[in-house]
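In what comes next, chain A is part of two complexes: it sits with chain B in the first one and with chain C in the second one.
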Partner chain A sequence: MKPWIKSIFLMEVKNILTYRFEFWMNFLGGTAANFLIAYFLWNFIFEAQGLTTLNGYSIQGMTLYYLIAPLTLRVMDADSMGFISREVYDGSLNKYLIYPVEIFIYKWISYMVRGCFYLLQLFVLLGFFLLIVGAPKEFSITPTSIGIFLGFATLIMVVYFFMVASIEMISFWADNIWSLRVFVFLLVSFLGGSAIPLSFFPEWSMPILKILPFRSMVYLPTQFLLGKHFELIGEALLTLSLWGIGFCLALNFLWKKGMKQYTGVGM
Partner chain B sequence: MIKVENITQTFKVAEKEPGFMGSLKGLVKRKWMTKYALKNINLEIQSGEIVGLIGANGAGKTTLIKILTGIIYPTAGKASVIGYNPWERDNRLRRKVSLIMGQKAQLWWDLPAMDCFYLLKDIYQIPDNEFHADLKNLAEKLNISHQLKVQVRSLSLGERMKVELMAALLHRPEIIFLDEPTIGLDISSQKAIRKFLRDYHTEYKPIIILTSHYMEDIEELCDRVVIVKEGQIIYDGDLDKIVNKMGQEKTIYAHLKNKISIHDLNQFPATLGSISIVDEMSLKINTKSELIPGAVTELLAKFPVMDLNIEAQDISDTIEKLMKEGISKT
Partner chain C sequence: MRYFHLYLHFIRFSFSKAFQFRLDFFFRIFMDVIYYAINILFFKVLFLHANTIGPWNDSQVTVFICGYLLMDSIYMTVFSNNLWWFPYYINKGDLDYYLVRPVSSLFFLTLRDFAANSFVNFLMAVGLFIWSLTHLDSPIVAWKLVLYILCLINGAVLYSAFYLFSVLPVFWTKSPRGLAELYWKTAHMAERPDHIYKGWIRRILRSVFPMAILASFPARLFLGEFDWIIFGNIVAVTFGTCLTLYFIWKRALMNYTSASS
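== the complex of A and B ==
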């Protein structure tokens, strides 16, 4: 391993820990708000309908799903909004072009460190949940399910990185891609099952969801962590691998084309 | 050595009509215009030279630096920087080059300078003993040792520029590009940076390419200047020769007994030189040596002169004139 890889890793950790208030707000604030909204909404639905289970989920199980799935999305996204485009627009990209480093290795390490920070957050909050509420009957979180989830977390951090980095390349041609990134994030959240579990989607949408990479990025890893659908591991691996290769090729192509458009503005 | 052959750079720039309707039209259809940043630039720089790249804003100086550092691709032409094509971004070249941008921080904003230096040590694979020796040496020479543990964002502009310089020199580059390194600094910081750069060049002899709007930077550091105007080189040669080429020009400074207005300047014949107000009680005349007797006679006759002083013309005035009027290439 090149020595600068370790240094960038450590530097990114220091970056995250530099601002105490931001650290704790990020760690607890955003997650708590999302979690409470989901809890009260589903609690109301279960009580209003007089249900004990819905599509195989108890209220505890549903609450746990809404803890894990959005955090899995957060692990994968890792604050990547604008992580290259912002630097194209203000000229900070120049730094990576002058230093003898590979820009995408550099960027991936920074992104991965943030992803690991959210992964830690996920397991801390999961621990609290299991301690306070207990494990829902329909799920079985075991060392095996945790191991499979961690393997998938690593893979999706590679595939999603290639995907969003490819989208960020559009900044070489477009004035502002912020709305596009927000749209893609919402799309991944919806089609990945972070907003609503995919088992609630209509039957006709299933073939489409299977082809797209998002189910294998959020919904299936969440299910694997909860100890369910292990039979879909192979399918998820294949889907992610194929999309990963496609995104990697797209990124390579767009980077080469984009660099010919780059003007290094802001310098 | 740096060799640039027929480099041309064009940019496509969006045009938008003014007003609300212009903004609406821009949403549907956008007009583009092609702008030349550089036109057929040819340049050779030998090892150990310090070259001042000067010109007005938008003349193309920074674009040329971006091409030579491999940040952007030129539209046409070739360049070789110590044997490498810069825009292929070969790591062997990148280890020998540094770029300092006065207007843009390159260090990691949220970290202390020292953390940034350790990262650069790993990026450039600098041996431990060399790193620590150079770090100490540079920090002492720049008088910044006490600020290395402070977050970069908390440093003053002058201190930030000093740590940027340290960061750029730790790997002992063979070529240093300095893009307005003293911009916005106070006089004493400017002097300190200039002295440091002069001493550093004497010791290590790197190629230094410097852009600056401060003529003191150019005069004190550069033997050779390249003047760029509207994307073309209009002068490439010794700094001293510029003055000779433009004629032995002098500046007459006159301190007056009474206040004068800009309209009073019309009394002075333009054939004897260009007259301008320095402040309400003094004026200056730029003229050629042989015209001084006539200019002084006219000045004494037409203005309430209390005191006179004749000096060799300021280099910045000469270069400004050059950029306005142009000159054939050397």
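== the complex of A and C ==
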């Protein structure tokens, strides 16, 4: 391993842990809030309608889904806010241009460290859930399902990285693009199934959801971890690969165009 | 009156600034449009599988969520830009600029930047709110509607006050954003009708962390019978929050170390 990879890795870990109290409060509090909102909402619906299962989910299964899906989204997003756009805006991108390291490799390592950190937290919380609540009967989390999920976690991080980086490139022409990133995050969150499982969506929306990459980014990896829908692995791989290649090409094109535009003095 | 004139100046300046960054202006509009769409669609999808949520049917929940979006758009337009920069001011020592002005520092800090682009979204939220009212099965009582809107404005103030509470720890910890992220996540509780919460969570949401009071309680006053207990709850929490904020703000300023923070 090249020494600078280790340096970036360690620096990023240090950055994450600098404000430990805030980090853990934000993470645990945020996860708990998300979890509680989902639990209360679905428990209310189950009780009001006297149901034991809804769309194939028991209340325990639904709660577990709402633990894993938002955390998968978090692994993928990995605090990607403030990525390159701010550096283009204030001219601090210059430093990356004179580093002996390719900028996107540098950014990828920083992003990946955070993603892995959240992945670790996902499994810790999953362990706690299974220990306290137990495994819902409709799911079967096995070493195989965990292995498939880990493979997909890596792939979705790559695709999401290319996607967000492509959007960040717009900052060469626009002053401020944070709202565009939030726009994309909201889309991924809703159409990826983090807000509500996609099986609850109306039938007419399914062909659209299948074409878009979001379903394969959150909903399907979550299902794979829960031991369901293994027959869709090929479809998810194909969707992610095609979109990944598309975003990669877009990033390459926009970066080259953007660099011709970049003055290095800030906007 | 002096503060009113000052605020008009803030608005004028904010509009001219917003039009200098045209793309950002439109990006923020897109962002809020998708946020509105997702919140409405969430309940529309839910109602494909449920007939009611508590005592509310589909059209009543739509009034609730559009009320929430109206409250959110008021917050985004009036307060959000200001509160976003708050931790930076503290950590970089830029708060000095605000503290030496001959006006209330809290007024200046929380209202200086009027988000002109979010104002467009505010107009959209008003449109959605009117649209939701037209789909309501029951007749609309004028004074209840006025009270509902006033309570939603109050909700925006409370939402901002609690956001401020979440970033005030920066005065002590010097961290980049304090507990803002935690607040954004937990504040999602306000996006759901308060009927769903039970036990101690329910008590917390109507008192010390009053997310139920932002949009759900106002909707209950509008959609159901007027309830003095709910109204009293809103007034008491607003009063208590303002007092606490004033007290903590004074304490926090004593801890401010200016440029070397």
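The rule is simple: the second predicted complex is superposed on the first by the 262 of 267 C-alpha atoms of A that agree within 3 Å, B and C clash if a C-alpha of one lies under 4 Å from a C-alpha of the other, contacts with A are read in each partner's own complex, and residues count from 1 in each chain.
What we mean here is this: a contact is a pair of C-beta atoms (placed from the backbone, for glycine too) under 8 Å apart; a residue touches a chain by one contact, two chains touch by 3 or more.
What you see is a predicted model, and the numbers here were worked out from it, not measured in a lab.
When the two complexes are overlaid on their common chain A, residue A:264 makes contact with chain B while staying clear of chain C. Legend: residue contacts after superposition of the two complexes on their common chain; A:132 is shown touching neither chain B nor chain C. Within the superposed three-chain arrangement, the count of touched residues of chain A is higher for C, of the candidates chain B and chain C.
Touch criterion met: A:94 reaches chain B, while chain C stays clear of it.
Of the two partner chains placed around the shared chain by superposition, chain B is the only one that A:15 touches, whereas chain C remains out of contact. When the two complexes are overlaid on their common chain A, residue A:25 makes contact with chain C while staying clear of chain B.
In the superposed model, A:4 lies in contact with chain B only, and not with chain C.
Across the superposed pair, chain B and chain C both touch chain A at residues 19. If you check the complex, the residues on chain C that touch chain A are 21, 23-24, 27-28, 30-31, 34-35, 38, 41-42, 45-46, 48-54, 173, 175-179, 181-182, 184-186, 188-189, 191-192, 195-198, 201. Remark: chain A residues 19, 21-22, 25-26, 29-31, 33-34, 36-37, 40-41, 43-45, 48-49, 54-55, 173-177, 179-180, 182-183, 186-187, 189-190, 195-196, 200-202 touch chain C in the complex. Here chain B touches chain A in the complex through residues 11, 62, 66, 69-73, 89, 91, 94-95, 97-99, 101, 103-104, 106, 108, 110-111, 115, 118-120, 122-125, 151, 179, going by the rule given at the top.
Every residue of chain A that touches chain B in the complex is listed here, in rising order: 2-4, 6-8, 11, 14-15, 18-19, 91-92, 94-95, 97-101, 259-260, 262-264, 266-267.
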